[in-house]
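Two complexes follow with chain A in common, the first pairing it with chain B and the second with chain C.
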Partner chain A sequence: MEYGKDYGKAEMMAVAIIREIQDGDIVFHGLASSTPMVAMKAAKALGKDFTYVTLSDGVDHDWQNPPKVASTLTANTYEGSVATFGLDEIFDLYASGKGDIAFLSCLQMDKSGRIAMSVLGGKDYDHPKLRGPGGAGSATLTPVTKRTIIWKTQHDTRTFVPHVQFATTAPAVDKPFTVITPLCIFRKPVGEKLLKLDSIFPYTTVDEVKANTGWEIEETDVTVLDPPTEAELKALKKVDPNGILYYEFK
Partner chain B sequence: MKEKLMSLSQAVDLIKDGMLLAVGGNGMHRNPTLFSLALTQRPVKELKVCGAAPGIAADILFASGQADTAYFGFFGLENEAGLAPGMRKAMEGDEPKAKAIEGS
Partner chain C sequence: MIHALRAGAYGIPFMPVGGMWGSDLVALRPEFFQVMKSPFGDEEVVCVKALVPDYAILHVQEADVYGNARILGPSYQDALMARAAKKVILTTERIVGTYRMQEEPKLTAIPHFLVEAVVELPGGAKHGICYPEYLTVDWDAHKAYQKAVKADEVPQFAAKMLEGRL
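This part shows the complex of A and B:
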């Protein structure tokens, strides 16, 4: 395998996302999701055979449309679609247990995978210090999606905290739950309740991950993920000539 | 067939205190922004707004203090514009002027 040398956190994270996709999967991401959007287009360019639904109401849009903005509510993810499929239909599909992956994100997360999207700080839910955007369907999707995957482009102790005060959603005990950051991958195994450090990226160490995580990490010996291959980096460049992947890493 | 097409000022005249408005569009896209701006010129108050992902048009009504409740899955302006400033101003702190009812 020929590995690329010219890559950073953005490319490594996108590649980690791409490698989660398996042939036959039904995959969804919502709005404000530029990182998974570019990764999905690159996964298509690499020839992965999966079904891609988005909030723009399109199914398997023409992945060769280069994104121009980071918004994932534009016609870019609709044009060239093989079918029109609305948000209500996406939720029905996932509620019936047929959705394989939902890519979601968060403001904060704790070791149980409890996610804050609604409020941060303050007295209570109705008197928050910060009113967030809300779960955007994540509380509906997490319990019914076969493999929920969280991506978060910041890895620090403000984001990965000891305890989330108000959880917008939380992982299902009977389903796998994955968290991809610029440094590593955490996974919650089926039947368990806590996240474990699964693997780290080639440019970091377990110590660096520990120093930037607000909960205790017990794992010491974990896999170092393979760096991006030349083919993966080429696919990312091909689908994203405007560099939208870097938007969340500024 | 009933004719629904009307001028912006005629449409704004339909809105009364306390009404629940379904605001179209998501985030910064396909919003009835001019309608919200026109509404800020009227004394109407205690409005409730709902949408899957209300954005700029709904945010204007919280910034103006005319809306007091939002029903939503996601309320924000997405990556480029960030969190919704009018909604935050109305909903944060010890004495919030508006309520969030999330259907997430």
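This part shows the complex of A and C:
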């Protein structure tokens, strides 16, 4: 395997996202999700055989449409679709157990995978320091999605905290739950309640991950993920001539 | 929200939802969320209260003068909102002849009998997106809008926008 040399956190995260997709999967991601959007198009370019449903109603849109902005609500995830399938239908599909992956994000998370999307800080829910973008979609999808995967482009102790005060959603005990950051991958195994450090990216160390995570990490001996291959990097460049992948990493 | 609107459209007081387990939202808003046992088994389900908006204001690409509307791009939950609301006001990029609907009735997303009023308003979804008429958000206008909201000057902002002075 020929590995690429010219890559950074953005490419590594996108590649980690791509590698989560298995042939036959039905995959969805949320609003304002430039990182998974570019990764999905690249996964299609790499020939992965999966179904990609989007918030803009499109089903398997033409992955060659380059994203022009970081929004995931534009024509580029709609044009060239083979069918339309609305968000209400996507929720139904996942609730009936037919959806494989939902790529979602968060404002904060704790070791139980409890996610803050609605509010942060302040006195209470009605008087927060920060009101988030909503997150009822996450609350609906996380418990019913076969493999919920959280992507978060910041890895620091403000994001990964000891305890989330108000959890918009939390992982189902009977399902796997994965978190992809710019440094590593955490996984919650089926039947367990806590996240474990699963693997780290080639440019970091367990110590760096520990220093930037607000909960205790017991794992010491973890896999170092393979760097992006030349083919993966080429696919990312091909589908994203406008560099939308880097929007979250500015 | 979708399930709440569905309950509204179906004329029933609440609706069970798939998911929602583990969310603190359920306990926080008992006036909107309740957990109940299935009458047919032991499963527990989260239920949401029906939502019946007084008005749904929806922007479409094409409507005739009677309120038959076609949504040519992504339709999101617009048709559902039209069925859940007490009254519907349409704004449309253009008024078309009813023959357009008769050519392909299946493409009519909202039928006239749900609609109270139709307003011809080209560019009505700006500074947002209306596929395929305008495809990207006008961020400068959006920032001006946010500023107007904070300054409590939305009517002045709207006047400027309508007069093309933005």
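General remarks:
What we mean here is this: the second predicted complex is superposed on the first by the 249 of 250 C-alpha atoms of A that agree within 3 Å, B and C clash if a C-alpha of one lies under 4 Å from a C-alpha of the other, contacts with A are read in each partner's own complex, and residues count from 1 in each chain.
Here is the rule we use: contacts are C-beta pairs under 8 Å (C-beta built on N, C-alpha and C of every residue); 3 or more make two chains touch, one makes a residue touch a chain.
Predicted, not measured: the structure shown is a model, and the values here were computed from it.
Once chain A of one complex is fitted onto chain A of the other, the partner contacts of A:118 extend to both chain B and chain C. Shared-chain residue A:58: touches chain C; no touch with chain B. Applying the stated contact rule after C-alpha superposition, one finds that A:140 touches each of chain B and chain C. Once the two complexes are overlaid on the shared chain, A:94 sits against chain C while remaining clear of chain B. Judged by the touch definition given at the top, the superposed model places A:84 against chain C, while chain B stays out of reach. Once the two complexes are overlaid on the shared chain, A:71 sits against chain B and chain C alike. Contacts of A:172 after superposition on the shared chain: chain C is touched, whereas chain B is not.
Common to the chain B and chain C contact sets on chain A are residues 69, 71, 73-74, 87, 118, 136, 139-140, 168-169. By the touch criterion stated above, chain A contacts chain C in their complex at residues 56-58, 68-69, 71, 73-75, 78, 84, 86-88, 91-92, 94-96, 114, 118, 125, 136, 139-144, 166-172. Per the touch definition, chain B reaches chain A in the complex via residues 26-29, 52-53, 72-76, 78-80, 83-84, 87-88, 91-94, 96, 99-100, 102, 104.
Within the complex formed with chain A, the residues of chain C that make contact are 1-2, 6, 17-25, 28, 73-77, 80, 129, 131-132, 135-137. Interface of chain A with chain B (complex): residues 30-32, 34, 55, 69-74, 87, 117-118, 122-123, 126-140, 168-169, 247-248.
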